[in-house]
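A, B, C, D and E label the chains in the order they appear, each numbered from 1.
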Amino acid sequence: MLTSQSIGRRAALRAAAAVSVLAAPRTLRAQPAAIRIGILQPVTGALAQDGELGRLGATLAIDALNAAGGIKSLGGAKIEMVFADARSSPEAATQEVERLQAEGVSAIVGGFASPICLAASQAASRYDLPYIVDVGVADSIVSRGLTNTFRFAPGFGSFTSVAIANLAALIAASGKPVKTVVLVHEDGLFGAGLAKLMNAELPKIGLEVLETIPHPTPSRDMANVALRIRALNPDLVIPSSYYNEFVLLARTMQQQRIRPKGIYAVLNGAASNYRFVKEFPEAANLVMDCNHWFNPNNPLALTVKKQAEAAGKFMAYNVPLNYSCVGLVADAIERAASPDRAKIIAALNTSTFAGHIMPYNATKFVGGQNQGAIPVNLQVQDGDIKVIFPEAVASAKPIFPVPA
Amino acid sequence: MTLLHVEGITKQFGGLRAVDNASLSVPPGTITGLIGPNGAGKTTLFGVISGFIPPTAGRIVYNGADITAHPPHRRARSGIARTFQIVQPFAGLSVVENIAVGAYLRHAKRADATRVASDIAHRVGLGAMLHQPASALTVAGRKRLELARALATAPRLLLLDEVLAGLNPSEIRDIIPIIQAIRAEGVTILMIEHVMQAVMNLCEHVYVLSQGRMIAEGTPQAICTDEQVIEAYLGHGAAGQMQAHA
Amino acid sequence: MLEITGLRTGYGQTEIIRGLDLAIAPGQIVAVLGANGVGKTTLNKALSGLLPIWSGTIQFEGSSLAGATPADIVAAGLIHVPEGRKIFPNMSVLENLELGSYRRARLHRRTNLDRAFTIFPRLRDRASQMAGTLSGGEQQMLAIGRGLMAEPRLLILDEPSLGLSPLLVEEMFTLIRTLNQEGLTIMLVEQNVVQSLDIADHATILENGQCSIQGPAAELAANPALRRAYLGL
Amino acid sequence: MYTPAIVAEAMVNGLLTGAVYALVALGLTLVYGVLHIINFAHGALLTCAMFAVWAASELLGINVYLAIPPLALIFLALGYALQRFVIGPASRGDDANTLLVTLGLSIAIENALLAAFKSDTRTLSGDAAFDVVELGPMLLSRPRLIGFAVALVVALLLWALLRRTDSGKAIRAVAREKMGASLMGIDVRHIYALTFGIGCACLAVAAGLLLPTFYVTPRVGQAFVLVAFTIVVLGGMGSVAGALLGGLLIGVVESLGGLLLGESLGQAGIFVIFILVLLLRPTGLFGARA
Amino acid sequence: MKISSVIAMAAVLLALVGVALFGPNTAINFLVTALIVALAAQGWNLLGGYCGQFSFGHAAFFGTGAYVTAILQSRYGVNAWIGCGCGILAGAAIGTLIGWLSFRAGLRGSYFALITLAFAEVLRIAANAAPITGGGTGLLLKLDMRAANFQFASRGTFCLIVLACVLAVLALTTWIARTKRGAEFAAVRENEDAARALGIDVLVTKLRAMALSGAITAAAGCLYTQYFLYLDSNIAYGSWISVESLLAVIVGGIATPAGPIIGALALHALGEATRLLAGRITGIDLVLFGLILVAATAFAPKGLAGLWNAAQSRRSPRA
């Protein structure tokens, strides 16, 4: 009898489930219209790796927001992602912005590369469509006076000043004389711009730039760059390149036994990348980077990290940045209590969002730039990426100079 | 008085002396022939006269002026037109368009050039094929086209490189009066020809080139009985045998 | 050995050979004569498979050559020494000769090389010289020697005397006669009428893509039509 | 500012790289010399070969250098089939058509690789690739030394093939005298396809030599093919020896240019050389004047 | 021209204007991009199709037009319309210069194609390094939507302007093909020696074609700049535009006035279609693209225009 009873209970459960399934459409119908948010990422072409990570961050954020009940001020409206592939080119991005506009999104998040962000935010501004830049660091993105464009993360200017300040602190703390620097940068948008700023700023903290070495992307060979570094024998090497080239450079330096007192990267594509750390632990060890990074002390950030790893990806900065940017938009819509673009823009302008997973203060936008954004310094230690600055969120002490 | 004077032209290709100190004169209003066995250097000499091949030595005087350094298109503008032994039609163009390219040299307007082109096409017997693509023409048709295109530039001196080769006797019979008519209009002609029958009929004066050298000149009749010429054509010992048979 | 009936062929749309008949018996030298542009070279190209046959038949030793590739024809033993020699200027004399036996008689390469060098001692002296640097006469020897390397059953010689000095022409014709006396069948395509008729058994005059006069060489030499065909007299 | 030792090391590095460049150029020049076509799919085929090497090494676990001989054979067959059944028939001997067909193939191959492998960068795992050999004050990369040696050996083998075998002689014969070759019973289409195949086999070898110190992405071939064009033009189009010398020269120029002028301008230097050679001496530095 | 062709062209034109006036922005955006490529391709067609000189480096002209326009505006405050005019002139100038250097050196066929490729690459590397082009940072034009500024609030207006440019070049090409200059182009394309013998200065003729081709393709670059308001060295001098302008012509029909337009529209439509069909697997669309190019060369050497003509003449065999 026990068996039949349990069967009976199971059947009852099944019936109940059926009822709830039948009832579901009614609940759905009662729900308010979903809010559509455009996620623009380059998932094909040269930047596909980064674009996929950005998409992952946005997806995780939207899932979390919807699971938490959607936009409450709009009666629990769900957030719907409209994905657009920027195909690694500004032109394609512009085209996709048009499509997102046609699909009636309330805001766009993403872009990743500065050229894409520049072109896409400009295209969106024709429609006063709020555009949240996830990564693009070029300062011109927010200095053009576009009222629709907001950048959550820090820009070039902020990165260089923080990177230099932290470097000065690092050198002071080490107590060792560090005088000479070689800059190695990719000759595209971000590397060249950064090198220019560094060249102006580094002498102010008493560092002599021995040489600025640009290289194209892709580069076939880093042997010459390494040779020049060897010839110059600087105390410090500051590289800013994309992933492939920095990996080539780091490995070539390792091979050529070039051991400066430190490799202090700024916004480098590889220096704070788990893949590099995992695949070439020796070359990566003790490399420092000033970059975007999540707050290692934020439990939500650690959850997101686990989720990303469960999805088979590394937790690069794209994930938490997009996660946070989507949260920022959702918060603005929540406060605007409307899918209306002008109201969302107004809400963003007065935003004091603190529910992100970056080591930032609450947001405060001035001219579209988040004043609360802070670059962090990282160092590869023991096969992991540790935050070494600012001290408030640091997870490890810097090791500098590199022990011989 | 000569229209064209070729003075001591030599052309060396690597180790090969294709033309060796050759000279000739073409008086205005005449048809002059240039004959010689295969590989004698006739076409090379033509190339030098029309400016396509720079000579190693010697000079070309046309209408009293030294034109040795002039590029081909400049010679064409000053009235020297040539045909090619290996016909060079503009294969992608129609017959009338081909000829019009020549006519544009003297007529800037499309309507004029086309009218001239179509007139000339009729004169050389291509009237029925005006709008056919040049690539669809037979060998005879292409030879006529070569001739028509050169004529369309309104030349004073016409250089004909074997316009009869590859034609059958009736085709040759058709074309000879056309050439005579061209001369009658005052165009001076220098022609390379293999078909001796035509040379005999057309030319007042003939030059014979063999192995790059001028070996004889004179009236066609005189040339035909010249021992050196017969040997050059029929081979060593031919003259003697011919004499024996005759 | 070779029998051509009603052959028509040409380039693109243009017919050059317009119904040609020709037969060659084993052991003969047959001279094919004619002025420039009558279709001699076109005929040779059709015979060696470089041009498709439009209509008519070519039988070589009893089998048809319709649709045969140049390689097939070489393999069958019909070797064509082309006008203008077409030797490989970037290769040594020895390599040129070796390639003569690329398709046929490869196993006899060594013996045939010796034979070629015996026939043309001058080639032996220049075995390692680049063929492009040879004189015209030497190049012609090389072309024939290369043809002989394939142990031809029938050898087509296209204008072998072209561009040679009179002395060399003499030498060339003597050589052709010698080769024939050693048993080689030869089709000799020439402009040099008198000397060709001197050594040929049989001759044919090509005019306008057809054979206008055919017959034993000695008869043709006396035929006034010959002189007319050439000089238009 | 640079010690002689460093300049010397840059030169040696250039020579080592140049030998592999030469191998890439060898295939291109051979195809040009014989078929008189410019193969715009050369870069894509190189990428293809590099992925093949990567797959053999990372997926099948075969040692890179052991993978080279079988891959060379596979690419020989692939190239043969490509010329015989695709490029030859589709272009019908017309220059412009060849250009379009090879361009189309290059687009198709590159993007098929993109679809199959995504745009991720792939490198060979393991640090063996970064072994060095100490030579006096110089630290030379072991894989590059191997690459240099193998490239020279392959060039030598190719030279022997062209000089010593009937097929090789037939290739040289077809290059200069197509009709004469036909009349010797050489099947020109076969020789064309064989030449193309050999060109592809060279690429497979080059891929195996490049990969240990480099990475592969679906567009990586482009980075090499322009250099290869420069080498081919420099050495004289169609000249095997020219390609070898040109490769070594370009390797050194690039390396010294990179050292003294910076990487970006060093690359521009290659194109400037390319343009100057085309304008001033289109037959190449080592070719005979036309 | 046959009636059916005229009707077909009028219908296409009407459809294009309809899209520009009433279509959704996505469609207009598609059309603008396709038409800019069509314009660049029209430039290629004049040189490659009509004059027979295959270039692999039309990016050199496109980029020069684009950069001159952008630099004059962003650095020197020159009016956008004037900037575009200068861009077009600069395209003609660079075309003449490259042509003068290469043709005087006697480069033809593959050699010419290679040297144009090299010139475009040198320009790309130089633009990436020079400060005036903004180096790798690129140039951004200020969004300022006024007609006086060659920027329009409505994408449709811009679309109509591009369409007008394309039609103007179509008319120009058709006209040139019927003049002495056109005959000279054709003669040089078909046979340089014969052209010379007929009194044509081949070098001058080729330079004319280069200048005109350069100007037209540069105009495409100017329009691109005005539309996207952003430029970097890879957009301006990247090989994509060299390849696309060549492909559009080949696919559409070489040396036909409408070929580049048909080709560019067809290629972009094909691109969109394959992207839809192939879903999000990157590259599959371009694989198809490449294979279609091979097939087109093998089976339709005269392009879509050739197919259309063949179909027309099949229908009316006596024409």
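Just so we're on the same page, a contact is a pair of C-beta atoms (placed from the backbone, for glycine too) under 8 Å apart; a residue touches a chain by one contact, two chains touch by 3 or more.
In this text the structure is predicted, and so the values were computed from the model without any measurement.
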Ask   = Going by the contact rule set out at the top, which chains touch both subunit D and subunit E?
value = A
Key: Number of hops, subunit C to subunit D, where each hop joins two touching chains   = 1
Remark   = Any chain touching subunit A and subunit C at once appears in the list D
Task = Would you mind checking which chain's C-alpha centre is most distant from the centre of subunit D?
result = B
Task = Report the chain whose mean Cα position is at the greatest distance from that of subunit E.
result = C
Inquiry  = With contacts counted as C-beta pairs, which pair of chains has the highest total?
reply    = D-E
Request  = Report the inter-chain centroid distance for subunit A and subunit E in whole angstrom, where each centroid is the mean of the CA atoms.
outcome  = 38
Query = Between subunit B and subunit C, what's the gap in Å when you average each chain's C-alpha atoms?
reply = 31
Key: Interchain centroid distance [CA atoms averaged], subunit C/subunit E, Å   = 54
Ask   = Taking each chain's centre as the mean position of its Cα atoms, how many Å separate subunit A from subunit B?
value = 78
Remark   = Expected list for subunit E, residues touching two or more other chains, is 125, 128-129, 282-283
Key: Residues of subunit D whose C-beta touches two or more other chains   = 118-119, 264, 267
Note = Here the pairs of chains that touch are A-D, A-E, B-C, B-E, C-D, D-E
Task = Mind listing the subunit E positions that touch subunit B in their complex?
result = 178-180, 183-184, 186-187, 189-191, 193-202, 255
Request  = Mind listing the subunit D positions that touch subunit A in their complex?
outcome  = 1-3, 6, 9-10, 13, 17, 118-121, 123, 125, 127, 130-132, 139, 141, 214-215, 217, 219-220, 223-224, 227, 254-255, 258-259, 262-264, 266-267
Key: subunit D residues touching subunit C - in the complex, by the definition given at the top   = 166, 169-170, 172-173, 175-177, 179-187
Ask   = Where on subunit B is subunit E touching in the complex?
value = 50-52, 71-73, 76-77, 81-82, 84, 88-93, 97, 100-102, 104-105, 108-110, 113, 149-150, 152-153
Key: For the subunit E and subunit D complex, residues of the former touching the latter   = 54, 101-102, 105-107, 109-111, 113-115, 117-119, 121-122, 125-126, 128-129, 243, 246-247, 250, 281-298, 301
